[in-house]
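The chains carry the letters A, B, C, D, E and F, assigned in the order they are written, with residues numbered from 1 in each.
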Amino acid sequence: MAHDAHGHDSDNSIFKIGMNLTIACLLSGAIIAGTYAVTAPVAAKERVNLKNKAMKELVADAQSFKAIEGKTDWYTAEKDGKIVAYVVPAESKGYGGAIKMLTAVTPEGKIIDYKILAHNETPGLGDKASEPKFSKQFAGKKAEDLEVVKVPTDKNIQALTGATITSRAVTKGIREAVEQVAAYASQKK
Amino acid sequence: MSAETKVEVNQLTVSASPHIRCDESIAKIMWTVNLTLAPAALMSVYWFGFHAAVTLAVCIGAAVGTEYLIQKWQGKPVTISDGSAFLTGMLLAMNIPATVPWYMPLLGSFVAISIAKHTMGGLGYNIFNPALIGRAFMLASWPIAMTTWPALAGAVDGVTSATPLGMLKLQGYEKLVATFGDTANLYQSMFLGSRSGSSGETSALILILGGIYLIYRGYINWQVPAFMIGTVGVLTWAFGGHAGLFSGDPLFHMMAGGLILGAFFMATDMVTIPITVKGQIVFAIGAGALTVLIRLLGGYPEGVCYAILLMNSVTPLIDRLIKPEKYGARR
Amino acid sequence: MSTSVLILVVLASLGLIFGFILAFANRKFAIEVNPLIHIVEDVLPKGQCGACGYAGCMAYAEAVVLNPDVAPNLCIPGKEPVAKAVAELTGKTAAAVEPRVAQVKCAGSNEKAVRGYDYAGVDDCVAANLLFGGPKSCKYGCLGLGTCVRNCPFDAMTMSPAGLPVIDPDKCTGCGKCETVCPKKVIAMLPLGAHVRVNCNSRDKGPVARKACTAACIGCSLCVRECPYGAVKVENNLAVVDSAICREQCSDAKCLAKCPTKAIRPAVLGIVPGTEDQASVEAACPSCVKSTAAAG
Amino acid sequence: MNNPNQSLWEIFYKGLFEQNPIFRLALSLCPALAVTSTVVNALAMGLSVLFVITANNVVVSLFRHWVNPKVRVPVFITSIATIVTVVQLVLEAYFPELFKALSIYLALIVVFAIILARAEVFAAKNTVVPSFFDGFGMGAGFAGAMVLIGVIRELFGAGTIFGFQVFSDAYNPVLIMILPPGGFILIGVMIAGINLFGEYQEKNRAAKAKAGATPALQGSEA
Amino acid sequence: MGEYFTLFMGAVIVNNFVLTRFLGLCIFFGVSKNLNASVGMGMAVTSVMTLSSILAWAVYNYVLHPYNLTFLTTIVFVVLIASFVQLLEMIIKKHAPALYNMWGIYLVLIATNCIVLGVPLLNAESHFSFLKSVVHAIGSGVGFALAIILMASLREKLQYADVPKSLQGLGIAFILAGMLALSFFGFSGMIPL
Amino acid sequence: MAKTFRGGVHPDDQKRYTAAKPIEVAPVPQKVIIPTRQHIGAPCTAVVKVGDLVKKGQVIAEAQAFVSSPVHASISGKVAEIAEYPHPVFGACTAIVIESDGLDEWVEGLPLERDWETLEANAIKDIIRQAGIVGMGGATFPTHVKMAPPPEKAIDSLILNAAECEPFLTADHRVMLEAAERVVTGMRISMKVLGVTKGYIGIEENKPDAIAVMQKAVTGTGIVVVPLKTKYPQGAEKTLIKVIVDREVPSGGLPMDVGVVVQNVGTVVAIADAVQKGLPLIERVTTVTGGAVNEPKNLLLRVGTTFAQAIELCGGFKESPAKLIMGGPMMGMAQCRIDVPVIKGTSGILALSSSDVNAGEEKPCIRCGRCVNACPMGLVPSMLSILGQQGLYETAKEDFDLLDCVECGSCVYVCPAKRNIVHYVKYLKAQNAAAAAKK
């Protein structure tokens, strides 16, 4: 380090130092711009792909998805030109923060399936809410059936062991989403 | 010379003053605490049967065994006979459901002794209560098993396997009272211990008797349990109800969960609490307040364990700020 | 394409702002910390032993760089190479550091020294010394509670079962920390290369010293008379060897054979005094061989 | 520190073991640990860091004579940030799931002390090839440690590795291992283990030296 | 109001950055050997984080986001914060020496630091409003200060303990942090964000 | 209500051995070993030569310094040797050995008769100095120095320390019972010298007979007898002052900083003897006791008698002693040999049997806080011991008030971990002093 600590005064002019850094930034900008030019379209495509894949997982027999106008992130799943499901985002406050989900609902207001996109629940406990063992219970149920209980019946949702708060949060988020869809769908008809 | 007054070279012992000591020792203190805790432990065996005995044995055995192995390995004198590892094991057993699979308390005890105690240098140096670290470790590791409570042996009508605090958290106070019949029944079973919970939570009466004996012997200061339980009582009375301020049920909260056990046997663990009585009062009030905070607002139904652990971490700060009143400070 | 332009614009302005702030700052708030200090500190062995007389290596580095009067060879643990490096860096001339090694001037092992009392208390020489100078009858000898061992910054000392510290000559840097902490001042620095040494520190008169310890120097002066080079003197009832004279002139070490208590021994390092074997004696003090053979 | 006679292998090895950034130097481990709860994330993070540190070392080494000493640090930071951004862009485009899992921790590679330190200490003073090996060694050491931690945490905390079940269903995972406290304690224990291993090696070496050499003698080295 | 309080308390205790997200560990372990230094560091981090969050919020919301340049967030933030902290340090040193001695000296250490960079990044990622960003930054800073002060007091106490040699230093510090994090579990689920 | 202080401990007082035994005058020893250091301060140098004949009461060693006190021959006879001898406090010290001529003759002019009330304060101070009187409780601080406080310290009270809180010891107790008049006279002389009107006698409640006797003896003198709660260390200067006049000596200060002088029972008796009869301090009452002693007694011993001689007078050892102590068991000094001489500060000779000594292995501190509760000075002894283990005297001094520790031993007595806290404190203080000397 010693040798560069004793630079000449001319090297240390404000201008020179500033330019040195500016050139470095410009170079970096060029590199980033180049990379971005290559990756940006791929990333955009990938984003759309992902979304479609997720929706496809929820509504397996859909042929295409269309964004609903006037609603952010609401999609209709169509088969043979007919709406078979609405795919809408749902959100709720869980044990460790927001749980973001994607729900597929039939136009009749029955749940097809849901998918948890992001959560911060306890690993091994709350995060079991995304496992089919729990999510299966929702299929075919209507909003009014979504009540969390400890002892299971056909009409209700059985809570995950040790994660009652998460179970309630997920159920609440989905119920709200289903209610919205039902309202929207009936209004449309 | 009529009598012998010769003294051989190297016969006399020389040490700094004083030359007499009282006859207390660490082992005596620890075994006395063990002894006062034993009736409650036996009570848990009565309530929960064979399972509780196994858990108790595994906890104690693993704690003592771990201590033995670690000290052998380190080449330090083995101190398992001083009763402190035994106590850690027993306290851990009393803080967990009696029915957990045997390997859980085994690992919990191991962590309690090895990580919480011996990484810091062994008895006297640990910052956190080893038994509580063991419990917190187990609760974080196996949340389901650790919150699945055994039903009482020969369970009485309708006493389910949820703890009263758990019921309160998830189903509300009315449901809780209804489960037990009426409030008098609730209080009675809380006090005598005929309710679900961890092994040590069940017999408030016996624990209090043991604690009082320790106070009488001077091994613990009465201020700690009094202020801790008192704080819980006052705060739950003030904020614990749904009908506005001062509608809570302090009596229930004071007897519920591990509060009695914690206040008498763990918040008084001399190694991990402030050294001055004033500091201990601050500690007790803090632990009580945190207990209530966690019970009323937190994700867990019971907060005693975490409240004490959190206050353990504050202990060095308390000791730094609260020192004994020095002679000569005033003229 | 507009995105690319934007990227360049944003980053360039960032660079300008950042660069000019820094440049401006350099002008305005320049504090020159002499970088040499850090370089010198890097060279030092970082034992923080304080043998140089400064509070740690950093302090010495600072002093040696900033003060032209501070000699570059004060670092004793670093020995020659460090002194040279420091001298080079600071442009000073290095005088040679005389290599030295710690020596325990006591052979009063548990069996040889008489105990005056049974000590019960803090396991530390300084603490024991508070109680009538420690449990040994000899008030000058090693107390054997290991204060030096615990304080050695280079892990060069161990306590032998005989109750005397043993110094590993490979690890000992001669920093003198043990000398400072020893309450009996029974540890002294021996020039590396000395041939014989006196393993006693007792200034008691002969009979008293003898009564307290069978390994004591009793100040009998036989060695003084035996040494034709005047390398040995007796001061305060204790033999003192001038190792320079001894090393340069003596060829037969007659003093060894004459010493009635074997307080003078060949300077074999890394052992408890009195346990030398012939081979190691030969290596350490070739001139001693004959007389130890004669004595033994 | 920068002995010119060091072989490239030595430079690489030093980074991998002797001065392992996580266990030995305790540098830059901050946010990386957060993503070690699964092996995949740990590996991705490790590889990202490996790439950034190596690339940055090369870049810094290439431009070392051109950079004004007064702005050396800012220029290095810019260089690191650029490389990180490139990594981010690439990951986002080709491994979006990973990109999401690593979230801000990927961006925080920018402030990893180890990267700047290698640039300062090594790359700024050495030619390209040794700098490459230095960066590669350090990065590999880092990545290796990350994966090791990841394997332990995922295996015991979830019973899986790379998401595949390893233990049978009967295994009741020790969840704490994938939670922050478990991470902290595990690393503490691992550091102790490595220290113990070091002590053991030291002892062995000393014993060997003792056995082989003649007794240490006065004057033998004077 | 309640929303902000929840955000603040969440950052301080429930989701403490040091203990649950591993952010700021370098200084957390480096400085917590000494209690006084830890107090100073706590103050320094809190103030720097607040100020740089404000700055970063402005840049993000007026430059990066509107022009779709969010992928530049990393590089822009790091340069911005590093230069800002340096400038801040110089200004304080010159104009408020007392303040400088209290916590200014720690500014150099945190010019490029994961927690100081991490919080503005999180703010940006979560699209927090200005006020939320500030509250979140202050909360995170206070949380950091809380953790480091507790840690320092524990480590100072452990100085006198008979810690096994292999654990001394960093090893025991990690284990302590682990146990502290375990204790903080008591707060989990307390405030759903 | 008996008065007390904060902290303290309650060891078994063990006074049953000797409390009821009248003081026995020991026969004149054949030989005495009189160390030239009998006090704290500048040492004396011998003013006699080997072979000189000396009389009882003759000055044999003297020093010119202000803080010093002359030494007198305690028997008549011949100076046999002046050499290094074992010393119960300093380990070894130059001592003057006198072989008795069997006559036990006083030096000329002694004893005399003097009316103290006619003497001036300064003249009395001089008499006290000439008589070689030092604090006889054990501290051996020259009494004339204590009686001459700097003028800026306004002294208003004299406290007689008759608490005798150390277990086993009964010397002061017996002196009060048997020589109450002299005690009171000595006190009144001291009060006159100091020019104070308030005098207090603090006696622990476990000596009701002494309280009664003294209460009777002080009638009409204005001196107040204050019964004290039986608790160790009731007789430590600072606690005594706190209890009796409710003042606290500031940190690093002396009793005179709060206007108080504290004297020991033996000392005031010596003052009375010196002033009234001209007798120098050559003998003192010493309790010879302990589980290993055959027949514990209170003995009036000549200075220079060896411990062995004293113990022989008590019938020798019953069993072999584990510890031999000069002074009480709480603050006395353990001896490594039995041939050490009695000095002016030897209030007791204690031979403890192994069953009296309950040491046990030292364990790590478990922070039980008993020491904190026991410490009369309001310190944190546990921390002092831990810092002692690490040798951190600076931290101990600055953060834990190391220098305020009076080494009373209460903390060690109660410690369940059997930690040698006082030894650690001494060690730290030594380190601190060494460091201070270096600077």
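Here, a residue touches a chain if its C-beta (ideal position, glycine included) is under 8 Å from a C-beta of that chain, and two chains touch if they have at least 3 such contacts.
As the structure is a computational prediction, the values presented were derived from the model and not from experiment.
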Mind listing the chains that sit against chain B and also against chain C?
A, D, E, F
Quick one: which pair of chains has the most contacts?
B-F
Farthest-lying chain, centroid of Cα atoms versus that of chain F
A
Compute the distance, rounded to whole Å, between the mean C-alpha positions of chain C and chain D.
39
How big is the gap, in whole Å, between where the Cα atoms of chain A centre and where those of chain F centre?
85
Would you kindly tell me how far, in whole Å, the mean C-alpha position of chain F lies from that of chain E?
61
For chain C versus chain E, what separation do you get between their C-alpha means, in angstrom?
46
At least two other chains touched by the same residue of chain E: list those residues.
71-72, 75, 79, 82-83, 160, 162, 164, 167, 171-172, 175-176, 178-179, 182, 185, 188-189
Would you please write down the residue numbers of chain D that are in contact with two or more other chains?
70-71, 74, 78, 81-82, 85, 89, 92, 173, 175-176, 179, 181-182, 185, 188-189, 192
Interface hub residues of chain F, defined as touching at least two other chains
334, 336-337, 359, 364, 389, 420, 423, 426
Pairwise chain contacts, counting only pairs that touch as defined:
A-B, A-C, A-D, A-E, B-C, B-D, B-E, B-F, C-D, C-E, C-F, D-E, E-F
Counting only contacts in the complex, chain F reaches chain C at residues 91-92, 334, 336-337, 359, 388-389, 391, 420, 423-424, 426-427, 430-431
State the interface residues of chain F toward chain E in the complex, per the touch definition above.
364, 386-387, 389-390
Quick check: in the complex, which residue numbers of chain B touch chain F?
1-7, 9, 11-26, 28-29, 79, 82, 121-125, 270-271, 273, 275-277, 280, 323-331
The chain F residues in contact with chain B across the complex are 6, 9, 11, 167, 238-239, 242, 247-251, 253, 258, 294, 308, 311-312, 315-317, 320-325, 329-338, 350, 352, 356-360, 363-370, 372-373, 375-380, 382, 401, 404, 407, 409, 412-418, 420, 422-423, 426
For the complex, give me every residue of chain A touching chain D.
4-5, 7, 11-12, 16-17, 20-21, 24-25, 27-28, 31-32, 35-36, 38-40, 42-43, 46-47, 50, 122-125
